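These notes open a run of structures that come right after.
Same chain, two partners: subunit A is paired with subunit B first, then with subunit C.
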Partner chain A sequence: MTQEQGAARASGSIMVVGGGISGLTAALEAAEVGHEVFIVEKLPYLGGRVSQLNNYFPKLCPPTCGLEINFRRIKDNPNIKVFTMAEVTKVTGTPGNYETTVKISPRYVNDNCTACGDCAKASQTEIPNEFNFGMDKTKAAYLPYPMAFPLRYVISPQVIGTEDAKRIKEACKYNAVELDMEPKTIKLPVASIIWATGWQPYDATKIDNLGFGRHKNIITNMMMERLASPSGPTKGNIVRPSDQKAPESIAFVQCAGSRDENHLPYCSYICCMASLKHVAYIRELYPKAKCHIFYIDLRAPGNRYEKFYKKFKDDPNTVFIKGKVAEVLEDTATGDITVVAENAVTGEKISQKVNMVVLATGMEPSAAETKLPADLKFTDDGFILNDYAKGGMFAAGCAAKPADVVSSNQHATGMALHAIQTLVNR
Partner chain B sequence: MQKKFGFYICEGCGIKDVIDVKALLENVPEEEGHSNCKTHAAFCSKEGLEILKKDVASGVNTLIIGACSRRVNYDIFRFPGCIVERVNLREQVAWTHGPAKKEGDEIDHVQMMAEDYVRMGMIKAGKIALPEPYKLDAFTRKVLVIGGGVTGMTAALEAAAAGYECTIVEKAGRLGGWAAEVRKQLPLDWPYESLQAPMAGDLIAKCEKNPKIKVKTNTVVARIAGQPGDFTVSFKKPDEKIPFDVPFPLPPEMRVDESGKEYDPDVLRQKYLDYNQGREDILTFDPNGEKFGAVVLAAGWRPYEPAEGEFAHLGFGKFADVVTNAQFEKMAAKGKITRPSDGLPAKSVVFVQSPGKDEDDSDFPYASSVTSLVALKQAKYVREDYPEDGKSFIFYQHMRTPGLTENFYKAAQQDEGLFLSKGAVTTVAQTGKTLTVTAKDTLLGPEVEVKADLVVLATGMVPATKDDPIVNLAYRQGPAFRDIGLFDSYVDSNFICFPYETQRTGIYAAGSIRRAMTMEESMTDAAGAALKAIQCVESANRGVAVHPRSGDMTFPDFFFQRCTQCKRCTEECPFGALDDDERGTPKPNPTRCRRCGTCMGSCPERIIGFADYNIDSIGSMVKAIKVPSTDDFDEPPLRILVLVCENDAYPALDMAGFSKLNYNHQIRIIPVRCLGSVNVIWIKDALSQGMDGAMLLGCKHGDDYQCHFVKGSELASIRMNKIGEALKSLALEKERVVQKEVAIDEYDKVPQIINDFVAEIEALGPSPFKGF
Partner chain C sequence: MAQKVVLEPDVQFIREVNKRGGDTLKKCFQCATCSVVCPISPENKPFPRKEMIDASWGLSGKLVSDVDVWLCHQCGDCSVKCPRGARPGDVLGAIRNYAIEYYAKPKVLAKWVNDPKMLPALVAIPVVLFLVVGLITGLLHFKPVPLHEGVISHGDFFSSWLVDIIFIPTFTFAAVVFLLGLKNFVTDLHSSAVREGKVTVQTINWKEFLLAAPKVLLTIVKHEKFTECGENSDRATTHMMVLYGFIGLFIVTGFFFLVLYGSMFAQYLAHGDFFGYAYKHAWHSPYSQWNPVKWLANISGIALLVGSLVMMKNRLTKDPRHAKTSYQDWYLVGLVFLLAVTGLGAEMTRLAGAAGLTYFVYFLHLVCVFCLFAYTPFSKLAHLVYRTVAMIYAEYAGREAKKA
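Up next is the complex of A and B:
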């Protein structure tokens, strides 16, 4: 006998704010149950922070591999609608019945775009490439990154009204360039909202003693990801910014801003594993380069992460020093950096001269800077606090707490269920 | 469906500059007997699309569109109810093989390539059918939750709150698991500063009064048979023996005779039956079994039990007052902390977080951030019990309180009776009743000694699946999750992006059975696993696949009359979707299937296929490739078949196209669902029609495999090794067939990989089978 039992009746749509890995996961998992989902992403492409990573730890596999599957799931699922360059500006209503206002900024490129690239060839204006943290330039008509989804060019507002814009428009054979595109506002009624607004790298210039922004050869961990990436500014060659030379010695400064009452009082969760991963990147290119890791605690918890850490412990060219970095000094003649720290165990003062320094900067919730236009509660640091009793709106992934990709995806999947519960209880 | 064809070549995005579109239209379709052929400057434009729409309205239902990659404009070229075959003339031809033929060239290689691809697409479109979803005969949405701890109870409550009925099965006599046995628990919410009263009681009460939740205590799963949407589950009392206990496969040592040779199938079968005497075969369904649609596995963990003599330097097993954190928690839940040896108050307690003396800074086996947090929690108990003079010392190598749980660590640091230091504990000694803990390299000095009443080892959490399959699947591949040895027996996913994916469709692990987790983490994980269970039943009901081919309506179809019972499909399926009967004939379980096609690749009789992807559709594409011989040219160009995984290698090739990277024009690319679906017949056919080589491009395999279907690329490499031997017997060099690993982001390397292989084939010379 069939034990047919009716599925819960549910109505209404789910809005997912943020198209990074947590937002994609929440959106797809809910949509594949059978619900209608809107993804609202402020950038011109989906993928968020992980699209800037070269590899994930501990598998050392490219994030684009999973993104490709997720993008295909979106392509194959008519339940999902994607809005890029879109921001939620207003949310009113109650759980189960929200009215949202979404502002869509002009891309200046419409659906006719075939991504042929003629516009970029025609453009003569170069703008800093934000995807690569300004380490190189891109044309004013650009594809944010080679695997960008949607696969459609963007025109920088900077050139609108200039000769370059005309050149770009003329180069397009498909009538895809619309220079008079205006911002649009749309209203979407939804039953529940998942805030997957993610994180931004903590602004390293705020950490005065670590010299970022003053000394060329001090970079952040996210810049390191771009340097290591085949699609990055150096096509995967890890070289130091001042002279494009291969580094023979690199220092990693852990907790750059994190676990620090003056900056981010919490632990950013991923930076220890990320720096170990960076040692792996360096090892592949430069087997003999010296890596010095200055840490407070090496947070590689659990069997899987502990095993990854173990791979580096026996490497004679990787040195782990328990000690917080106090200052950095630049040798102006060579561009080398001396890292000064105190070994917490021996009390000995260490001055280590290296070719290049990587600051393991932490994650700051995006909501810390841009206030979200909804009735949400936050921690002192801007993480969103979930109120399951009230329901309706939920934070997923790093909008809720610092986390690695695995935990973010687990969290986002759970939040998709909470969003569905709101639909069921309407 | 009566096919009415439409054939379209786009001239946009530089295609026209490289390919002679007119010649293409004149040569190929006629050859294939097609007449409805159109071109347009851009079929994706409004006007171009109008042409396609008009044709569809007039009855065209099979469209072959030669334009860009199928990975783009997917939404524009979607025509419900129609077969749409995209021929990639942009990324794979125009953008990677221009410029067009120059005057004086004998051969127009790029044109030949375009013609081949178009012909291949046309032939494939003729061979495939629109899929129809698989419908289960019986279907239920009920969710089974194995384990009644915090994770299991939360999974049931969350699924119930979404409207789904659940049954919790719990081995013990009560719900609650470990959470019901703690004195206090770690904080669940921000600011994560103080301990909380245990909440297991609340959850138990909620479960017991929820009308959608049934609870079976003192019960375990004897077997789970069937497939998602229609599992039949037999329950039993722990330690009970019943006929529906799941049979176990013969252990490897029983499969071979004294000389190490494997027994004949008949002998094996008999041994298997003897070994499982009294147990019903997996294909016999329990008439009293209960039906479930999907399963959440939340069977949790047990404390790590040190072996005798393990951690001898820490005095464990030697001194009664050296205990594990689990033993300590039990004592703490009962009352004030005392010494096990004499029951006197334990006011000075040392917590050891890392056992490696000063040689290794690893934590205890199966330890995690939970063990760090628990050490802090338990250190607080001592302070609670003896606020005046109680002292706790924690020696750690790395205090692992990641993320916002750092707050709990910071709060602990405020307690002046709590001493926290990095340190390598080298020995624990006993003088009279007092223990002396010696630690080196501490923050307090190079060597410190601490007198202690009690020493607590921060040992880890062992997943329940270390000891027992728990799920007891009535699957031919065996009752347990496969390959979890990779994760030290945790039922974890190898996929960072897809943490709920396992090799057993419809069964989703949550909580500390997949990774040591705090209660807070376990609870969100439980909600995630509940969602996946619900998603799986709804997908089964719609007749579509779950991840990674979510929504795919095809499923493998078997032509059983020709099955030789070789069992390869049953054995090789990464998801255990097939159960063979006593003769060895496979019984498909379509809702377990992920549609990778590994069965199709494994079948020597070639009797397995999908509506839109089968031996004939791909085989015919291979045969559609024209192999030029000396009859055609003095020096005929080579032809090399390249079968590429559509998940990673194909996008990488597209990206090479976007980057306008050039690669050799003598190859012909065919995308496949997974390298596991590659049947060697395609390669044999290619070589016997005179093609000069074949290459498989797919994902990395090994422990950190990137194959979305777990084993596809690994199985393909095994098959390719075997084909090497077959080639030798044909007097063909085994180097003519290779498999290469390409990650999706290696689009910069892909041209080199292709060019290198072409160069190797050139060095070997043309195939001797050319022109036969």
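Up next is the complex of A and C:
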């Protein structure tokens, strides 16, 4: 069969659930060969977890470098329709013929918005900044992050009906604030669905022996990304939360919740490289700061990651200790943390006092917490099991398995092809 | 420096650990969480992470001589926190069981005690022994004539002589087995601890070794190690009940023994005829319920009964991911329970005047007591001796536990 004949037979649209790096890739791959794609994103912006990173592998570039080009391609492509603050609530039908219901929550800001920021200046209510894991606050009218796409403000439902909402509306010169915006439900018929629902950082407060949430200077790896990011709560200064002091010593606790039957039984794949990347951030700011990495096994898959690991292996200020941290103690006077582990190589118990601790928490699939409203198969851990024999719906990226950006993109491309095949075989 | 180490894996040992409750051993991936969360592990070369890899590699020789295996009180904190469900607590229990068998002689009896299939044979030994010795000596009376009119006495059925002819040698046998085992045990513990750099003393000063005993014995009596446990600290209560029950019954039995033979000897000095007049006029059991010694006996019996019952309940309700009960565990807790039931049962039926029944229950009780004495050096109960000695050694040699 020639390509032309195949393309001619294709009909129907593809829905991509999730606008993170996997969803964007799948959507673009399908749209750029001529298929209609709907991106349904729960949050007010696209970019997902990657947008929260300071730098990302493989090239350690800031997320702007990869996301911006994708946003550009989406903007320029009439085949793609983006729904933000939207959630799929129902999927019925069979491969090739799905009927989906999408609920769109009100943003209270329409597309007149120029992102001038006057509304935020006018607002007097502060809400925890979820993008920065609650490490700082934003106004009730906010832009999720500086390069958010769509570049439009959002108004927190918390202030609707209050004086603050009035102030926000009055401040807008472009008539972009619509306080009476209602939730909408739309129905979209699609032929194929790609679930790119991604992941969330495992809730570190559940790991009770690692002290997160009890001791201020214990943070997670994703919080570290925000601290290192120029758009983060500290404008890129890596300082410890208790006193904004530059850390002289940092401990990294690997497998915090991962490879643990009491938490996430699987390896989250990214945490070893994430911690090494954090060492790179710290080296740049504080060349002499001591970094202690406590690990079970260090996993640096592939030549490129292996080379990155070797860079720090010989760094005299980076110490690798084979042994999992299982106990933490806080010095209440100084805020310093002592991490306790057994060095499995020497057989000695180590109590290492550091200024700050980073828990390399793992990836939990988003579907582990919120059940997806479709007839999908899941692993015990909440990852979607792709059923290629049945076809029609496919999981891409971290919805299917823990993965880094590179593998997520490769996987998403493959899933886009599967979705296209569903259209062709209709 | 690259050092060449040749490991000699004892594959049979790994199989044995698997059989004795350590079936999760190979799940361990050496993260060392266990060594950190253990509330009683020392700072220097903590356990049980190293024991887990040694066991995985089949290093039986290293493990049977490892003092740390005995410092473990199976709190279970390690098993609960283990990210792999490898249950280090149970693995160490299995290693201890293996070590008990390793140091015990005769080997064949040790094998039997740890094999559920041989349980009927183990029970048959005292039954046959009692009947044969009883019938040969004529000290077992199936139609007992009461020594004192109207008083049911177990001694009329199963003569005190018969009890002592059998139990004194049995007790001595157990003691000798222990002593022989202990000699090797302590030597091995010490050479291993020196080799592993766990202790600073080079040769054992036995006087100082013994001087360390009182402090350790006090720790044991107060169950201080148990109460340091996180997960299973509640076990301290039941274990204390059983231990105190045994101590109480040991005192009572010793008292009976001394009074019986003391009074018999006194009668003999006054009237002669040791086996006739003196025996008849000696102070025989049963004692009155008003006698304080009897109070102690009753309280101890009840402590054994309640303690073993709660132990069984706890074992049955425990999450199997965190702790498993092996045959060796059931054997011991079951024996304690049966000792208590038959002991109290013999007393109750006697007081109820059911002569035939009470003699039968008493016979069962004696079978249980025989199992307790004769098989202790081979069963889990041997921890009474081995753990105590290991703790004294650790105290003496300065293998310090974690500071609270």
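Brief remarks follow.
Definition applied: the second predicted complex is superposed on the first by the 417 of 426 C-alpha atoms of A that agree within 3 Å, B and C clash if a C-alpha of one lies under 4 Å from a C-alpha of the other, contacts with A are read in each partner's own complex, and residues count from 1 in each chain.
We adopt the following convention: contacts are C-beta pairs under 8 Å (C-beta built on N, C-alpha and C of every residue); 3 or more make two chains touch, one makes a residue touch a chain.
A quick note: this is a predicted structure, and the numbers were derived from the prediction, not measured.
Contacts of A:Val340 after superposition on the shared chain: subunit C is touched, whereas subunit B is not.
When both complexes are overlaid on chain A, the residue A:Arg259 reaches subunit B and subunit C alike. By the touch criterion defined above, A:Lys349 lies against subunit C but remains apart from subunit B after alignment on the C-alpha atoms of chain A. Of the two partner chains placed around the shared chain by superposition, neither subunit B nor subunit C is touched by A:Lys390. By the document's definition of touching, neither partner reaches A:Lys184: not subunit B, not subunit C. When the two complexes are overlaid on their common chain A, residue A:Pro62 makes contact with subunit B while staying clear of subunit C. Counting contacts by the rule stated earlier, residues 259, 297, 322, 344 of subunit A appear in both its interface with subunit B and its interface with subunit C. Here subunit C touches subunit A in the complex through residues 29-37, 41, 43-46, 49-50, 81-85, 321, going by the rule given at the top.
On the side of subunit A, the complex with subunit C involves touching residues 209, 255, 259-263, 296-297, 322-327, 340-344, 347-349.
Only residues 12-14, 41-42, 44-46, 68, 71-75, 137-142, 158-159, 161-165, 189-191, 291, 360-363, 365-369, 372, 396, 398-407, 410, 422, 441-443, 446, 487-488, 490, 492, 494-500, 515-516, 521, 524-532, 534-535, 538-539, 541-542, 546-548, 550-551, 647-648, 651, 655, 658-659, 699-700, 704, 706, 708, 743-749 of subunit B touch subunit A when the two sit together in their complex. Listing the residues of subunit A that touch subunit B in their complex gives 1-5, 7-10, 21, 28-30, 32-34, 54, 56, 59-70, 72-73, 75-77, 112, 114-117, 143, 146-147, 151, 173-175, 229-231, 235-236, 259, 265-269, 297-304, 306, 310, 313, 322, 344-346, 379, 383, 385, 401-403, 405-407, 409-418, 420-421, 424-425.
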